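Below you'll find the structure, written out as structure tokens, and then a few comments.
Note that the chains are named A, B and C in the order they appear, and that numbering of residues resets to 1 at the start of each chain.
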């Protein structure tokens, strides 16, 4: 099926790209690898006048270590991230997250880490073809005024199904956003608005150029666990990314982030509060994961093929598996 | 909304040959190959980059041509299924697929073979699990994958894939 | 003592594989003709709506649009697979009955223009209340999908043999269980496409996926009001059918109409979504089995009631309703059997026959046997064997079963899997299960039940087979070449094929009734035998021998025992030409079935001449926390009569395990919002991937059917069905509870385990 027509620019430099975005604003969409954008174009979920391709922006590619920071260009492919020595050595959880995205094809060549982070929120009632959607009222995310998942809701519950986003939240990563006027550096949770229909707090003229990771202290372990019913291709039904630091056999710090439970990755601060200073025994873990399950259950809605009730039950399971693996690695 | 975004002339390098074609920006690489170059071996199976029937090699790595704009493919070497067999005959993988009964309806076959070729380029003698993982995102509805995996492993060897 | 065949029974690469490996072979969507137009269909976005008005004027005026058609351009004739199921117009005139129903179509110079033209067609709909479940459809004041089908009852099949009630009353144990499965789907690799090319004499050439080109040409000739000789359905590569491409599709008609009106070739290519919802799907089905068993595990009676959600039109309803029961009555000895099957209309996509005919029915039968075996303390394998079909018996509806290797299939899978050592002795959440089933090799198809073949010879010894057989990817073409090569003593490379072209090739029943090898293969074998007889007559004179003593082998004809004093076949052919009696082989084969048998009005008598039988064993490991099932191993055995090409037959078994077991029992189902299908894509409808497939041990059982070519019957479908049953039973065995809603997705497993821990009874009651 043909895509809708659009104009296309592939600026040769970041400066040029930012100028184009400043000029066109929301009439333009940015294309990184295109693996999320193109299907949405084909379904006419998005109808830009202009597609701005980042393919020529080599300055957005590459991974560099600067002191205790690992700087990853937004256009670095998932495979480049996964295969990098520093990432493999220091961030095995990120390797797991990258490795779980979609399919080998997308990782190898096309999928960019920035694109994965900015993956559009998804909902079974929304991510459908134009013709499919034309038979009834448009939903909030589709420019309308209803929600086909929660009939009385004035808000959109489309969920964040990005693997990278969840793990990067667990890692406490930051992103750099630039426009013609300058740049701002924010923590990833601030990147998410919490709204299903407008999930990112980027302004139309901003470009996400870099992801910054901070080398974890000794005694840190991390892992990413993803639940899906087939072992490839599928988005997560629920996922958990976690980074824990132990000192003297006790939890020093616990970052637990949940994915596919709502419009943004959900950082379970309660887990950190509950576990700090405690030994990583099964009782402590059960408590923390039960908290995680409780926190997420309200925002999990019936927007996937798998029932919401099941996904709610799985939060604690995935959180426990991720935590257990992270604790093993921390030791 | 621009319905008449101007077409551009682009040069695509496909199977070692350069072609000048006139395309609108919204034409995918898949459509360019099938319609402009009449290379119909690459298929549209799903339109969403899931089934793998549209797989081509771009600089040797497998990509979903249904998710790739033709204009994005400029400057890269594209290999389609038509570019695999040589004057001496079938590529080792094609021959292995034929001999092992790894082809039933044949619709997924081009994408499957190219994906396998990329695997062999990286891992010349893959084991069964490696072969399975490489084709994890190539959907076949006919074979149950058993003979496809056999064919890929059997084709493993030290020569240039 | 098996004869020593040269080609038959050998695992030779298929003759049509090479062209698929190179991407040269053309599927319908690959065809490119000069001045070809792109066709697109406008479909109702509403499940049930009256069409008040269609204004196509703006579309017609768009530059590049060559023709626009609506129901007004048709004669409004309603078509049906059976004379008593004529309920479908090719373009709707008065109302749309499902989301996807065809309302209008355009043909334009390119796809962009065609898509824009669709937007310019204005349709006024009056939305009507619809029915979206079996219960809704059967409710007292339910809106009617078709005015002339009261109560939305489309087809009812009633079979009642023996005295079920009495037998149940006398049984030692009776169980009643209800099994449910929503729609499953074919998800062939190739999305539907149709190309029609007209010529100036009013002839049409048509290329489209099909399961028998004659099944397309006749209905097309009817609805287009053209004689058959002007409707030429051509041979084309087909990317899978699995039962979903047997009938004429509205797109075939619409494309033909636009080709005729524009005078240009037209191509319509379906999106994956259209392929999912606008062709066919498998039925959603609810089945209640009431089964009686005596103390030693013999089934005394079974009463089965099935309701099928048929969607908006009849399609092959009578067949789809009947086959689940018929497969089971072939498999199991049953003197007292009752079946009440009701197909119901709903405002949803149309459902037809599918390779796994009624997974809830089939899995229900075997699961119930396991339940009853457990209750009575019996071995589930012994219970299967006690009740299993033996050769020389009659089914409940009076089909005679000739060759039958069912018990051998069960014994071999049980042995290879170590079933008896494992069943009941595996660690927690590991399980093993057995399923068995049987499939017809053809059904009564009236005037279209037989296959004919012609074999023509070139003077240099090469041969062309002309046969109506169609290949959907399963290897039918290759089978014909193997047979002809064997019979005529040639190499496979000496043989060319013209198949599945209604202008040239004679009749054939099509592949959807699993009869291609049996009928089509036999027809070619007989045509070759006919040719050989003529060849031997000519050669015998020259060799001064008795024709009965001659052999054709290695491209020669010679007296048995004297290969060095023979004649090259090419020479004999030229001799025949000179003598004015050129060799032309002709053969036809019609399976011996009871032509009075009818699905609804007379469901008794010989259904097929032969039946295949299969058994599958599956071993699983369940993650009790997530409900994910890891399938460890599958052993699949089928009595296919004889394997003309073992490698091809194994491939069928493996594909069947994937579709019937792995997909059919673990992940495949359609979700709905009323009439709206929520998962039409390869992303959301989950067919199995390579990384999730288990190792499969395919076991070919050969009973050498007396009527099949070389003893061959049907290959694969009995495995597809028994795999579904084996998976269901294995999971039940693993988790210690019976899940009666399929597919058995992880959420159901988690819930069942929770119920069990709480001490609740039978999950899903």
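As a working rule, a contact is a pair of C-beta atoms (placed from the backbone, for glycine too) under 8 Å apart; a residue touches a chain by one contact, two chains touch by 3 or more.
What you are looking at is a predicted structure, and each value in this text was computed from that prediction instead of being measured.
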Topology of the chain contact graph, where touching chains are joined (line, ring, star, complete, other): complete
Pair exhibiting more inter-chain C-beta contacts, B-C or A-C: B-C
Distance between the centres, which are taken as Cα means, of chain C and chain B, whole angstrom: 29
Whole-Å gap separating chain A and chain C, where each centre is the average of the chain's CA atoms: 43
Overlap residues in chain B, where contacts from two or more other chains coincide: 3, 24, 47-48, 50, 133, 136-137
Residues of chain A whose C-beta touches two or more other chains: 1-2, 5, 231-233
Junction residues of chain C, two or more chains touched: 112, 271, 683, 688-689, 691
Chain C-touching residues of chain A, taken from the complex the two chains share: 1-2, 5, 124-125, 128-129, 131-132, 134-136, 148, 227, 229-235, 305-307, 309-310, 313-314, 317
Chain C to chain A touching residues, read off their complex: 43-47, 99, 111-112, 115, 271, 273, 625-628, 666-667, 671, 673, 676, 678-680, 683-684, 686, 688-689, 691-692, 745-747, 750-751
List of chain A residues in touch with chain B within their complex: 1-8, 10, 31, 34-35, 38-39, 41-42, 47, 49, 51, 53, 55, 102-106, 108-110, 231-233
Chain C residues within the chain B interface of the complex: 11, 13-14, 16-27, 29-30, 32, 112, 116, 186-191, 237-240, 242, 269, 271-272, 472-475, 647-648, 650-651, 653-659, 662, 681-683, 687-691, 693, 695-696
Contacting residues of chain B [partner chain A, same complex]: 1-5, 24-28, 31, 47-50, 52, 55, 58-59, 61-64, 66-69, 71-72, 115, 118, 133-134, 136-137
